[in-house]
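Two complexes follow with subunit A in common, the first pairing it with subunit B and the second with subunit C.
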Partner chain A sequence: MSENILEIRGLNKYFGPTHANVDVDFTLKRGEVHGLIGENGSGKSTLLSQIAGLYGSDSGEMKVNGQPYKPHSPLDAYDHKIAMVMQELGVVGSLPAGINVFLGRMNRFSKAGILNKKALYKEVADILEKWDLSAPPLNRNTDGMSIESRKMIELARALSVDPEILLLDEVTQSLSLNNRERLYKLIEKFKSMGRSIIVITHDIEEMIEITDNVTVLRDGAVVGTVISSETTPDEIRNMMVGREVEGGYYRDDYAPDFSDKVELEVRNLTVAGEIENVSFDVHEGEILGFCGLSDSGIHTVGQAVYGLTDKKLTSGTVHLMHNDTYVNNATTALRNNVGYVPKDRDNEALMIAANIRDNFGLPSVHVIRNKGTGFIHPGKVKKLSNDMVDKLSVKTTGIYQTMDSLSGGNKQKVNLGRWLAKDIKLLILDCPTRGVDVGVKAYIYSIMKEAKKDNIAMILISDELTEVLGMSDRIIVMKDGKVSGEMDRSEDLTEQKVIGVMI
Partner chain B sequence: MMQKRKVKAADIIPFAAFIILLIFFAAASKGKMLSAYNLKLLIEESIQTIVVGCGVLFVVAQGSIDLTVGVNLALSGVIGMHVATMTGVGWLAIPVSIICGTLVGLLNGFLVAKCKVPSFTLSIAMLIGVRGIVNFIQTKIGIEYVPDDLRFITTAGFRFTLFAIILVAFCYIFEFTRIGRYSQAIGENETTTRFIGIPVTKYKMLAFVISGFLAGVGAIFSMGSVGGTSMQMGVFLEMRTAMAVFFGGILVTGGSSAKFYKVILGSLSITVITTGLSLIGLSDSQYSESIEGILLLIILFVTIVASRTGGRKKIVEKTPHTKEAGAQS
Partner chain C sequence: MQTDLTKNVSMDENRRAWVFPLVFIIVIVAAFVIFNAVAGGKFLTLLNIKNIISHAVYPIFIAWGFCFLFACGYTDMSIGGVIVLGSFAACALGNQIGVGGVVIGGMLVGFVLMFVNFLIFTYTKIPSWIAGISLALIYEAIAFALKTGKNTSSVVTSALNSDYRILGQLPWSLVILAVGLVLVYLLYNRTNIGYNIRSIGGNKKVSQAMGIDVNKTLLAVGVICGLLIGLACVMQESYAGQTSVKTGLTSINMIFQPLAIYLLAEILQKHINIIIGVPICSVILYSVFNMLTIMKVPSGTLQEAFLGAFIIIFALIGQHSVKGVVK
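Up next, the complex of A and B:
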């Protein structure tokens, strides 16, 4: 057996006029954890998809264990012990979680056309237990499940083929801290078994931590490969962008810095079964960070403050101080200068098939309209969108381009920008940098810094601890739906300290 | 960075379909189609579909469907006319019809928006139930004629004035006010709309109320053209209207594809087909309905294909293939 389990030489892939992979050479050793990194659209996912048999290649060759390898479907790749967990959610919502794991491979559980679900669910549970992953209820349909549970199902599917090579495309992005830890353990275990993993993640610190080597891609081509233990986040960032990343990243001050005027006063906010007696203040120009493990309820806090949670289950007060209003439903929040950026960009935030203008305009329609006649001047909506496209430098052919043809980072700019187009006093950000690359990430941070200067109060809810630490003036840590700690920004506040309170 | 909106193939098809149909039937009928009399007839015939369609537009934009407009029109007309006949005050038929239509719309809206009954299921139930009520009433009281002091609703002057008012008013409401914008947004993504803080339930109810209101107005046009109530009132109108809407190029999913002009064009095209067939002498033959069906099928097919390739990438976008390609372009 050769040392290299996977060898790729001169791989090319075209999508119409787009050259997605340019002469890619790539080598994966046995027992190696290899990272792939690059900006959105640099061809990482395309490369993995070819290895996993989702796409064919236009030229070049792949070898697995020294044998030519040309998969024609994911099932074919499974036969070669190669499995992938995709970035986009790849489960069938109307099917039970357990069935999703063995979708397309259920023959061995069925006799005379009748499926033995019990045996199937048992097998899935065994796989999840073997790898120490948390199991969602396997007989429930996946469409009611959280992104995290659905990811677990996809992981189980990949692991069910007992892969020699595991491909993970931005899996950690969807996981909260405790499940990330479990995944890291899984990666270590894999390594110790002499198996190999290719990981894609946008989180550079994480990438360096968990991999042996990192290959950087730009515009479809390999820029270079570095040894993880010898590189720095800055080196990788510069390789990705092809120039020095300017303007810093997180805040460079290390003390809380905001006005003492309270903008939002939340008291005893409770959503039955999710959060309990959460109380806090947010001041003008303050970024208040929220972090916690997956069941901590941090995302529910954001929804409850914006009035989106079920009225029957919600109690407590959300008091906007600037015009002395209590938020009872989202319409009140919308009309009283509050903005909310949801976590699930494509399903909750944007009208994905509509154009940029309509997406920018929607939250502002009630402001633009003439109060007497109700007339919405089309020119004003157009101007608003054009201004925001310019201001946020959204990469687009114009305001009539549809959202679904934009990259993740540019979608997020629209998601955020539609609130900045308005006069807002409070902005709730739920994972604002989920699934965007460094360039856009840095940009979103700079927008937040600017909003801070404009005295906008912000609530930053995030699964990325470094981000919460890097941006917040104060941090509220939550556990099992309750506030378990509160910390001020300071130079010696470390991730370890915060994690200590989280667990 | 000002930019002109690109005209998509899907936006042109409704125009093209209308023009081609008009030319085709003009030629086939040896020019009779374009005579002043027939053109007037064409508009006269499409009035009901357009008026009712303007209301259905709001519902369709939200991604729902209202197939109750035909029976609603019949019920509103029958009740309105009966009140006018009983009281002897002719003009009462107008407000009573409109109020009746609006109330039925309100009921629809309540059931769809508050009780979460799928609009299609509800439509079918109402279609059968209300038609039953209408038939029951009509067998009891029989057909009623427009009383003398209500004669004005049969005059061209009244009809065209009311028609013009309805057109302008609802074009304005749909294209230039919140109601239209939010209805489109609900069709694009209901969750998003709710997450922004727009009262979705309220606007969903409102769409059905508007649709019901215009079905009530439609009853006045219907009685005006026939001179009274009839057993044929509103029969098949819901299908005609739905056809007109989709014919005009509005997708079943609604959203930004919903446009006011499309309803007008769709209605006109449908009427061109029916009047055209009768002009070239096919309406009496046993094939006429089959031909009508085939023509509709062809045009709907072309519209859908064009909107899939020329406009929206909703379907293909789901695969990672185009995702990556899109991200790079």
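Up next, the complex of A and C:
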């Protein structure tokens, strides 16, 4: 049996005039965890999609176990024991979680054409148990489930094939710390069974930690492959962008630094079944970080402060001090200089089928409309959008390009930037760097630093501890919907200390 | 541990799942009894109940067709036109060869036309509501040509011989309904094709990625809708004995009541499976019409206004706990 389970030679892929993958050579060994990294649009996801049978290839060849491999569909890839968890594909919301796992492959649970749902759910439960994965009730439809639960269902779907090669595209960034740990264990177990994984993640430190080798892509071509234990984040970053990247991502100061003036006062905020009696202040120019395990309620805090939670289930006060207003719905928040960047940008933040202009313009319509007539001047929206595209360096063909055709990083620039086009006093950021590359990540942090200088109060909710530690003035740790600890920024504050409070 | 959690929550949900349908049916029956008392016993007579049930059967098949149609994310405004032509065929062939002719004529035309519709929706990529309206105009025009044609007029305008109308009468209509309910329930809820149809309506991209052949599935919807609408043609002709020709898109009127039944069943579907909800809602809807008639509310516009108000009230009750934006 060959040492290499997958060999790719001279693979090319075109999307119209775009040369997405250029003569890609790639080798995956048996029992290897191999990382793929590159900036947004570098061709990583395209390469995985070609391996998984989602896209065909224009030229080049692939071999699995030494045999030519040319998948026509994901089912074809499944037959070759190759399965993928995709970055942004998701699940079918109108179908139960359990059905989503075996969608398209339910024949073996059917007798005389009638589906045995009990047997199907049992097999899904067995898969989840085998790999120690958490999952929501399998008979419940997936719409309304958190992005994390949906990701778990997608992972179960890939594992249901019992794959020899597992392709993970940006999975970890959707997961909270405890579920990430579960995934890391799964990766280790997979490797110990002599199976192979290709991982895409924008978290370079994580990639070095969990992989054996890392291949860097730039503009669709392979720049090089390095051994994980012998490389550094800086080396990978430089390979990704093709030049020396100077300076760190995060803040380089180690003390809380913000005004005494309180901008937001939250008291006894409760959302039944999710968070309980959460109280805190956020000062002007302060970044207040929130972290916790899954079900800790950190994401609900962001939604509740912005007035998005169910009124019947929510109690407590959210007080904006600059104009003495109490927020009890999103309209009040929006009109009183509050911005909110949700975790699930495609489903909760952006109008994904609309163009960039409309997405930039929407949060500002009440500001740019004519006060007398109420009409919105198209020229003003156009100017605002063009200015923001230039300011944020959004890679686009123009402001009339639709959002769904932008890369994750550029979508996030629009998502975040549209709030910065306004005079905001409070910005709620829920996992702002999820699914974006190092370049955009650094850019988002630089925007946060600028906003801090401009005295904007910020709430940073994140599943990435390094991000919270690196950017926050104070950190609130939550557990089971309650505040379990609060820590100030300091040089001595480590991930271990925060995790200690978390668990 | 995770499996236990899954089981526990599911069992709780299963237990709770029975409460709403039970309460709902008790409330409906109570409302019928109260109305019967108010109406001096005119409502719950055997004859009246038979009348309501007979009337309620034929739209159920169309509403079931809507369940599959809307589940895959399509609309078809030509169904009324298909029913007119299918009923013509059922009548013409029925009068020639008997009950078998009614079945063959209705089923064949209903099936073929619905399949043609889905071939057009699937392969031309014209939005289905646009293609559907165009097809409705064509079907209405064909029906009108048949009605006014020198050789066809007498065939399509004559009533179906009453000897051949047994499928529209009790108990046969109930037998067909019961068999239909079992088959459609299984097809929608317990087969691969049922899930595939709902999957492409839910998220076409995911479905494709999961290896579901979208075009094939859409054509399967055409087949299923064809069979259901074909059966509706048979039941309509067997029940009414005659179908009038409609032009100027007025054939769309024929699908309003089935559409209302579908909407009511959709509102209830969180608590009652939509396929089971359709016959329940059909009986409720025709009971409301019947009550209005007993109350001497003129049929036509005024009764339809009551129907509209009834759907809104029903929807308000059904949707009261729904959060977020509903499109």
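A few comments on the model shown:
Note that the second predicted complex is superposed on the first by the 497 of 503 C-alpha atoms of A that agree within 3 Å, B and C clash if a C-alpha of one lies under 4 Å from a C-alpha of the other, contacts with A are read in each partner's own complex, and residues count from 1 in each chain.
Criterion: contacts are C-beta pairs under 8 Å (C-beta built on N, C-alpha and C of every residue); 3 or more make two chains touch, one makes a residue touch a chain.
What you see is a predicted model; the values in this text were computed from it and never measured.
Look at A:376: by the touch rule set out above, it reaches subunit B but stays clear of subunit C. Of the two partner chains placed around the shared chain by superposition, subunit C is the only one that A:75 touches, whereas subunit B remains out of contact. In the superposed model, A:138 lies in contact with subunit C only, and not with subunit B. In the superposition on chain A, contact of A:406 is made with subunit B only, not with subunit C. Taking subunit A as the reference chain, the count of touched residues is higher for B when subunit B and subunit C are set side by side.
Touch criterion met: A:40 reaches subunit B, while subunit C stays clear of it. Of the two partner chains placed around the shared chain by superposition, subunit B and subunit C are both touched by A:54. Judged by the touch definition given at the top, the superposed model places A:193 against neither subunit B nor subunit C.
In the superposition on chain A, A:86 contacts both subunit B and subunit C. Shared-chain residue A:350: touches subunit B; no touch with subunit C. Overlap of the subunit B and subunit C contact sets on subunit A: residues 54, 86. On the side of subunit A, the complex with subunit C involves touching residues 54, 73-75, 78, 86, 89-95, 99, 103-107, 110, 113-115, 117, 121, 125-126, 128-129, 132-140, 157, 310.
Subunit C contributes residues 2-3, 5-7, 9-10, 13, 186, 190-192, 195-196, 198-199, 201-203, 205-207, 209-212, 323 to its touches with subunit A in the complex.
Subunit A makes touch with subunit B in their complex at residues 15-18, 20, 40-41, 43, 45-46, 49, 54-55, 86-88, 220, 306-308, 329-335, 340, 342, 347-355, 358, 361-363, 365-366, 369, 374-376, 378, 386, 389-390, 397-400, 402, 404-408. Of all the residues in subunit B, the ones that touch subunit A in their complex are 1-3, 5-6, 172, 176-178, 181-182, 184-185, 188-189, 191-199, 255-256, 312-314, 317-318, 320-329.
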